[in-house]
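Note that the chains take the letters A, B, C and D in the order they are written out, and that residue 1 is the start of every chain.
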């Protein structure tokens, strides 16, 4: 989220699309109802189903799963065509005026440079024209035919209301109502917020769904505004934290990223990362990359990381592929190329696509280690549960070690929420039986392996031997010790750049925040963006001052938000070029002549002059991007792409299947179904009564939503002779599930490109362990393909068939 | 008391004078002793409050754990109730159907209590000690790492990759646990390392 | 949120506090003829359920189960979102869902209503209850069951105009929402209202709740619901659980919420006329008999009657003859 | 001959001084007293739940909960025992013309001048009314009783039905108690009657006075034991 949950109360219009906030985030959704009740705000819901969020909306529009880009491009087109644009914002805070290279083009649903064999683009033409001065050429008048603005205008012109209806199945008049209401937020005094979640990410074009809305928000001037922004409603309690801390195959901490084979040494690695500004006087904050990276290496390997050995750069694994993401790992596992797998509080057997493939893959492991407070289907993937898990136990050779861990109530530490708040919590209960903290378990694995390497030697033990593990009790580092490491400290006295005789941070002291980090090895910091969370002032994540001056919703005294306690990202953009708030009633910060002051920590140097430095300091341009150059694999602008399994061909290019640059493994390509065989669109989702596969273990939630079901329209039920509450079988090319049928008016058939499209809704909370009735998950049906940029599986749009059936059979055990 | 009165009323009415004396002998005490109006004993009295955060979605609602016993003092603490924290700016004490039932997540019948091992081909888990489990894990992992760790690629570039063992980290663990986990996994050279953010 | 009523202004107390709700606060007591008036008039409380703000998340059900330590049990899906399928002795409140297509707009409206005890000002359950003190009404309006006094006859179920109380097969007493009388007694709001994520459920003095309802109704009218209104049915003397409805002109579309609830005339007759006329009739009958016994001499058999009988027997044919 | 329907198995004359007439066999008597006892218990337990001022009566049954569950079971006993009884007596209780002539002179009856009245069979109209009233009220009570018996039949009928059932049940109960009072009082008032249900016999004089026709029929049909 660019903004905080509590900030949503400041909005005039909430657009819930690609998410279902009321059901998945009820207590955050409270702030939507507050905005409605006290600001007269309106709520728009665009969703294939009439959800519980829609039940309290002012305007609901149905949409076919996987067509959000067309819908949003249609809205952008509407705003551009009707001059509903925040012009000042657009000219000064976006790259609308940047001139694009001549080579760049788009036709037949493809951008210039497409290579069909490689399933990839040559992106060199997707860039700005660079002048002699080394800066990008712009035309502030927006007249230049090759400026981003005019290229975008041309690009979205095809998405007329008629085209939107044709692709999305959204009735034209409904779409126009939505577009009209959204366009009113181009007024500087009107702000819209976007609340989205997995409804946008779980598509092969997921990143572009989000881009499309982000662009719309920039055109309306809503980024950085109080009550505005792009608000990703993240799933798990600390999914933000684990991403920030780089627990991903392509990341290191703080969005520093993993080196590749093309970067054999540190110098080479740094070359492509210390971005120089593309416009005069801009900050391009990544210029500090080296400071963060060296401090990170020092946090990892302490004294053994020196300038001489490139700060142990060679200790870091180098990638030969963009990422060893989950899908790739299971593909490798399926090929027998993976021997061991550790699942820490994770239930992949239900979480990832194509369960049959997952089971086959897990069966090929030598060993599987699970760490969880609860039973998981993954830990028992080898156990036969009749139709619910029909495996041949004896033939599965995988050794499974199941480790009991503590849960939230029994441990201390911080979680980072969607709004980037790092909130500390304390243990309230005693763990059951012999359950242990994950930290203890990881420490044990590390210490025991290090001991083995010390005794026996083995493959490249150096990183283990030198890993800094400086804790009072090496067997169990405390949350505080680890938090202090994450914040970072001075290893030797850090001098004040302004006055080299003055010690800024004495050796051994915590750094104030990342502004004090150095690239000379004098500082260490586990995760630069978190720096400031636990400094000499103490544990800022444990602060509990809930005062909110003038009720802006900022709560600066409540815990700690990254970066440097900033609550609204890009908040500099909430003020005009001269530094005055676009809307005085929504002031966050303003320029008082010599510095920025206000309710939030300015997202810019406090003394940076408004006319000189742009608000988007992380970008080389200093402004936001309507055109992303070559940064996204599937295009600098979002373009309509059908899901890999679609009920109709892509109207832009009938030959185009799915996202043209998504990675597709051979075996999976053969497992895509066609609309002839599988006429209905399946989509998966969560229900408010449950949280993933956890709460089915809870007697209370099990009582509130006891049994697996699918939702279909009354029309489809009639057509198929399916009865309310009766059993149905739903199957795709990859698998089959049995469920109770909920027949509802909330799902209505859509007409797309002249064809009637029925949607089958498939919630995801059931398995074969826990207190609720045994059931299936949608992942028995979903396709094994991900988003072209980030490899998030396409679980929101796929093809299925459905028929009335009998109930499943239990295990004959 | 008023039953007493109304009985007299009844006796007048029915005029069954004699009955009065005998009735007492028939255990009327019981019928008359109606329990006085009272509300349920307030169950949070004398519990320990601990501030925590809901572990489910990323709204991160503030919660208060009410327990018998104080975990911070090292006592055995038995969680009795969990409720929203009124002081929390986001949820203001409210909770969703999941958060409101957190107590039964903590106490669910399928909470894991002991390390278990399922041997190759077996149809059951067998309980083992932590030492057995952890030594086994260290051994399995080291053997696989030693066998499949790639120090250099064909081009002779140091790559220090371990691709034959992967790890999924939990997006519900604390940042601190995540950092410890990160250190161990990346140090071992595990590249097949992801978390729920991928899904 | 400044101008929203907030159910919980502070977290529940953990230090010992005595319940501020007891026998001296009773306004009504079941099957009790001469109840002394309450020693003090507590502020009338009310729970306001704003159906237009409700997202049907069932947090209220969840919080209710947890606070009251009940166990509704795992049922099955019968093709609807209601779970458990109905109120039961372990589920005091239930979200009811109805899919209604507005004939004027032809738009679908998913009407979600939190069902449960309405805490009537004139409680039909209490009126029907034959057991002294099994159902009580406190002067703040809360209608509560005192289970020790409940005999499990189920009369309250017939007395209730909203079909709320449920008889437990386990202990043969009847259960329903207590409005969390145990929480209210220590200055806390009900568990459901505390939990409600969107504060569609709020709790406070009935007066404040009515004022808040007015705000909400105004907002709804501004959004085109010209029939928005408050449900505080006069038929039962008003309720201490009220609804804000977007279509207050037709409560029945909200999963059969009674349009004009009242205690059934049948129950009124049974608990009224029949009771008194009946007692009188039996009394008069008994008294009459006693009186007649005193004044009129009993009918006795005289000697000559016996002689007549003997004579008759003499003349009569003996066994077998008279065929 | 119709009147012979008044003679039932066991009815017989035993010559002597005084003449003794068998009116009720032992089984019939046992039956009567089971019915009577259950009716009394039902009245007490029912009244306890009928009016607050009578709730104390639950003490007789060990509290409200017990009263609640035991009342319906006693009802079942009453129903069964009464109806066995019913099928033994119903013929003798069919009203006849003579009963109405008799009824017309009810005043003389109460005044004790029965000679002015027509001769009667085994039962007079009063007894017959009691008999049929009980028969009807017991059916009504058992039917409505089952409808309101939530322990077993909670889901069998809708609440509005149950409401009406309770209303009818309570009215029926009141009437039954009234009839009961008449029955008991009459038995006490007409001396020499009670022994019919204790010893099973009445004196010839009693029969001559109250049920002369019945006595004549017995004699006429030679229902006389051989004397000594």
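Keep in mind that, in the parts below, a contact is a pair of C-beta atoms (placed from the backbone, for glycine too) under 8 Å apart; a residue touches a chain by one contact, two chains touch by 3 or more.
Labels paired with UniProt names: A, B = Formate dehydrogenase (Quinone-dependent) catalytic subunit; C = Formate dehydrogenase (Quinone-dependent) iron-sulfur subunit; D = Formate dehydrogenase subunit gamma.
From a predicted model like this one, the values you see are computed outputs, not experimental measurements.
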- Item | Most central chain, Cα average position | B
- Note: of the two pairs B-C and A-B, more contacts are counted for A-B
- Quick one: report the Å distance separating subunit B from subunit D, using the average Cα coordinate of each chain. 66
- Query: Between subunit A and subunit D, what is the gap in Å from one C-alpha centre to the other?
  - Reply: 85
- Item | Whole-Å gap between the CA centroids of subunit B and subunit C | 35
- Mind checking the centre-to-centre distance between subunit A and subunit B? Centres are C-alpha means, answer in whole Å. 27
- Query: When you check subunit A against every other chain, which residues touch at least two of them?
  - Reply: 26-27, 30, 688-689, 699-701, 704, 771
- Message: If I count partner chains per residue in subunit B, which residues reach a count of at least 2?
- Response: 3, 6, 48, 82, 87, 91-92, 94-101, 104
- Query: Out of subunit D, which residues touch more than one other chain, so two or more?
  - Reply: 52-53, 55, 58, 63-64
- Residues of subunit C that touch subunit D when the two form their complex: 31-33, 130-132, 149-155, 157-158, 163, 167, 172, 264, 266-267, 269-270, 274-275, 277-279, 281-282, 285-286, 289, 292-293, 296-310, 312-313, 315-323
- Query: Inside the complex, what are the residues of subunit A that reach subunit C?
  - Reply: 9, 22-23, 26-27, 29-30, 33-34, 36-38, 40, 50, 52-56, 58, 60, 551, 688-689, 699-709, 723-726, 740-746, 771-773
- Item | Of all residues in subunit D, those that touch subunit C in their complex | 13, 15, 17-19, 21, 48-53, 55, 58, 63-65, 67-69, 110-112, 114, 148, 150-151, 154, 159-160, 162-164, 166-167, 170-171, 173-174, 177-178, 181-182, 184-185, 188-192, 203-209, 215-216, 219-226
- Message: So in the complex, the part of subunit C that touches subunit A is made up of which residues?
- Response: 1-4, 52-59, 61-62, 65-66, 71-81, 83-84, 91, 99, 101, 107-110, 112, 197-200, 215-216, 219, 222-223
- Item | subunit C-touching residues of subunit B, taken from the complex the two chains share | 2-3, 5-6, 13-16, 34-49, 64, 66, 81-87, 91-101, 103-104
